[in-house]
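Look for subunit A in each of the two complexes below; its partner is subunit B in the first and subunit C in the second.
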Partner chain A sequence: MADLPFLGAGVSYRDAWRWEVIRHRDDLGVVECIPDDVTGAAGLRELVLIRQAVPVILHGIGLSLGSAEGLDPERVRHVARVVEAVEPPWFSEHIAFTRAGGVEIGHLAPLPFTREAVAAVAANVRELQAALTGLPLLLENIAYPFPLPGAEMTEAGFVRAILEETGAFLLLDLENVHANALNHGYDPIDYLESLPLDRVIEIHLAGGLWQEGQYMDTHTRSVPEESWKLLEWLVPRSDVRAVIIERDDDLPPFGDLLAEVRRAEGCLRVAS
Partner chain B sequence: MNPLDLTGPEFLGFYLPYGLCILALAWLVRALLYRSMGAPPDARWTAGTYPLEGDAYAIAFLRGGAPEAVRTVLGRLVGAELLSVKDNQVRALGGPQSQAAQLEPIESTAWSALKPEVSYRAVEAEERVYSATATHLREIEEELARQGLLPAHGWKSVFQALLGLTGLAVVGLGLAKLLVAFSRGKSNVGFLILLLIGFGFAVVRLLPVPRQTRAGQRYLDWLQESHRGLFQMFTSGHRGGAGEMALAAGIYGLAAVPDLIPLGAAFQPVRPAQGSSGSSSCSSGSSCSSGSSCSSGSSCGGGCGGGGCGGCGG
Partner chain C sequence: MSLRDVQNRLAASLAGREPAPAGLDEGAVERARRSLEAKRRRAASHLLPRLRNAMGDGWLARFREHAARYNPAGLLHHVDDAWELAEELLRHPDAQVACAAHDDLVVLRLRYERDRRAGAERIRERRGPIVALMSTPARLLVVRMPGPDAKVWYLKVW
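The block that comes next holds the complex of A and B.
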């Protein structure tokens, strides 16, 4: 873990920010790109050009690590190709499934907190680790609208079991923690305290919306104060190497995003 | 054997392979020379290293020589609202003091070269700025050569010598034979003239004195590829800052920046009206009058929006 570089704070990459990212390269410690969005040699070349300006980390969204049917070999090969071109310090994916029975469901779906699901994720992670030969792997907690029945452990216990089983590190999405705490009525600090915080390498921050009585992590708003407070609590208790501000829609002026990046960088600096 | 004493068919039989061999050899020597011009290991500008906005003039110089650098400076001043362009006339404005205070030395020298509130033809403004910033431009050229992006003076001489010697060996021999043929009263020299034209064209095409070194060309290619986001920002309607405008103009030419298109157009040759008996498009005080705009070829690809550069013979 000590070998993983400290990158600081940055943003999730969007095509609309292609020039802004390069222009503000000195203000960004890192940019997170989604390999699923990279198509063809031109897409790979584009990533390399971005990496020449700012360190790039890769964050998968479509490997479906929770699928009992295993990984899609073509998707794994694609990720391996992107990893080879970009040479990131680590790769991250979600603890979720996006495919079932060969059908893409189009979003990150939660897994039941069961030993069987832990085993399925662990098998897939091992396959991915073999394909990415030695690249450290981070797994991310997701937001879920309702708990699936048949749980054999808590959500934190589920995450902990997967990390122990796979040796992977944790990408902690604090906005997902914030959303889950609101929607399921628990204390986010209690939740964080029950996680293996020494395994946290990367943090995601974003902003969401209340929709039909649920707080949704929509990545369409500024990071709420509650998530900033979680970051301030977490950073001194872990060895965070990167914080990413995520924004998928309702893209603000890049300057607004940079202000959030600077705030996150400030949190990291205070702790160090 | 004196080839000049050969009969016509014998000479042609000798001259064609001789010329081809000399050309191939010269081309090979040029390629080796071109490859041997390396950049220093600690070069400031290399493919993969993003430039600063202030590097725009060096990039423009690399792309198209001093005239492109001058036009990029003018573009920066237009972006900073310190110059206006209207009806192909450039006018220095009082401008926002905050902008004037932020000018780099070359920009402030250029701005000072134009009297406030006086309208100049674009080419006239270019010439005034060119003269005023000559020292800055020389420094830029020397820095680019130091960085291994432009051929150093000695290298240019080597390429010029190769071009001259090859021309002498191939075209010179053909011309000499032509003179001998005429002196002997021969007039059936059509094939020889055709070969001469072909070889002359080949010498010029195959052995040009390179504007940039290989590292310089690579850097330019990389800049144009890596700054597509900047280019797209302008084409999608965002105005950008004056520094960004200058950087885009430096990399792609004035035509890449919508706000600078009128400035680029002001340097275009004035086309004579159809059917007029006027002189060529280059005689009208166009960019060709500066004697260098068209020498690069690249200014036509970037800064010029129309086909005016085709008339420059460059």
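The block that comes next holds the complex of A and C.
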């Protein structure tokens, strides 16, 4: 873990921000790119161009690490090709499944908190680790709209069991913690205290909104104060190397995003 | 029920093909299904702006019908989804809608190639050339040279 570089705060990459990212490279510690969006040589060249300006980390969204039917070898090869070209310090994916029975869900679906699901994730992670030849792997907690029945452990216990079984590190999405705490009625600090905080390498922050009585992690708003407070609580208790501000839709002026990056950077600096 | 069964049933219910699996909050699953459909529709709106405008109030119902029938796939499943819808609407009886579908499809084809039978990489960066006519915003002859990063010319047709 000591070998992993400290990168600081940055943003999730969007095509629309290509030139903004390059122009503001001195204000960004890191940019997080999605390998699923790279569909050929031009896309790869773009990531390499971005990497020349700012350190790049890669964040997968479609490997479906929780699938009982196993990984799609074509997707694993795709991720391995992008990793080889970009040479990031680590790769991250979600504790979720995104396809089953021939259906592409188009989003991250929750797993039941069971030993069978832990074993499924662990088997898939081992296969991925073999393909990425020793690259450190981070796994991310997701926001879930409903729990699946048959739980044999708590959500935090489930995440802990997967990290223990796989040796992976934790990408802790604090907006997902905030959303789950609101929707499932728990104390976010109690939840964080139940996690192996010494395994946290990266943080995600984003903003969501209320829809039909649920708080949705939409990545369409600025980071709410509740999530900033969680970051301030967490940073002195862990060894965070990167914080990413995520925004997928309703893209704001890049300056607004940079203000959030600077605030996150400030939290990291205060702790160090 | 095994993990595989739970996942197959949940995926099918989130796609609107089956009721929620036993033991799950049906209302919550239905909300999630609607939210996923809205996400697909937003992505298609971005990729098919002419079609979205040409369909007006009919867009929502038409997309719902498409979403219930078609299961997008691959790394860029949102592009696959929009491509399929545009292809379906090429034969729409309203000439304005069919024309908008054609033009949006030309724009997609300038950037991507699609192989509907392929798996994860069914949508790929375009390498091949294109010569096509578009009607919006003006009558244009669009020419794209072969290769990645190839130049595209938009030539006005009188």
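The rule is simple: the second predicted complex is superposed on the first by the 272 of 272 C-alpha atoms of A that agree within 3 Å, B and C clash if a C-alpha of one lies under 4 Å from a C-alpha of the other, contacts with A are read in each partner's own complex, and residues count from 1 in each chain.
Please note the rule applied: contacts are C-beta pairs under 8 Å (C-beta built on N, C-alpha and C of every residue); 3 or more make two chains touch, one makes a residue touch a chain.
Computed from a predicted model, the values in this text were never measured in an experiment.
Within the superposed three-chain arrangement, the count of touched residues of subunit A is higher for C, of the candidates subunit B and subunit C.
Of the two partner chains, subunit C is the only one touched by A:A117; subunit B is not. Contact with subunit B, but none with subunit C, is seen for A:I22 once the two complexes are overlaid on the shared chain. By the touch criterion stated above, A:A41 is placed in contact with subunit C alone, subunit B being left untouched. In the superposed pair of complexes, A:P145 makes contact with subunit C only, with no contact to subunit B. Judged by the touch definition given at the top, the superposed model places A:L49 against subunit B, while subunit C stays out of reach. Put simply, subunit A uses residues 45 to touch subunit B in one complex and subunit C in the other. Contact residues on subunit A toward subunit C in their complex (touch as defined above): 36-37, 39-43, 45, 62, 66-69, 72, 74-75, 78, 97, 99-107, 109, 111-112, 114, 116-117, 120, 145-146, 148-150, 211-212, 214, 216, 249. Listing the residues of subunit B that touch subunit A in their complex gives 48-50, 225-230, 232-233, 244. Partner subunit B is touched in their complex by these residues of subunit A: 18-23, 25, 45, 49, 52-53.
In the complex of the two chains, the subunit C residues touching subunit A come out as 1-4, 6-8, 10-12, 14-15, 17, 22-25, 28-29, 31-32, 35-36, 39-40, 42, 71-78, 112, 119-121, 123-125, 127, 148-149.
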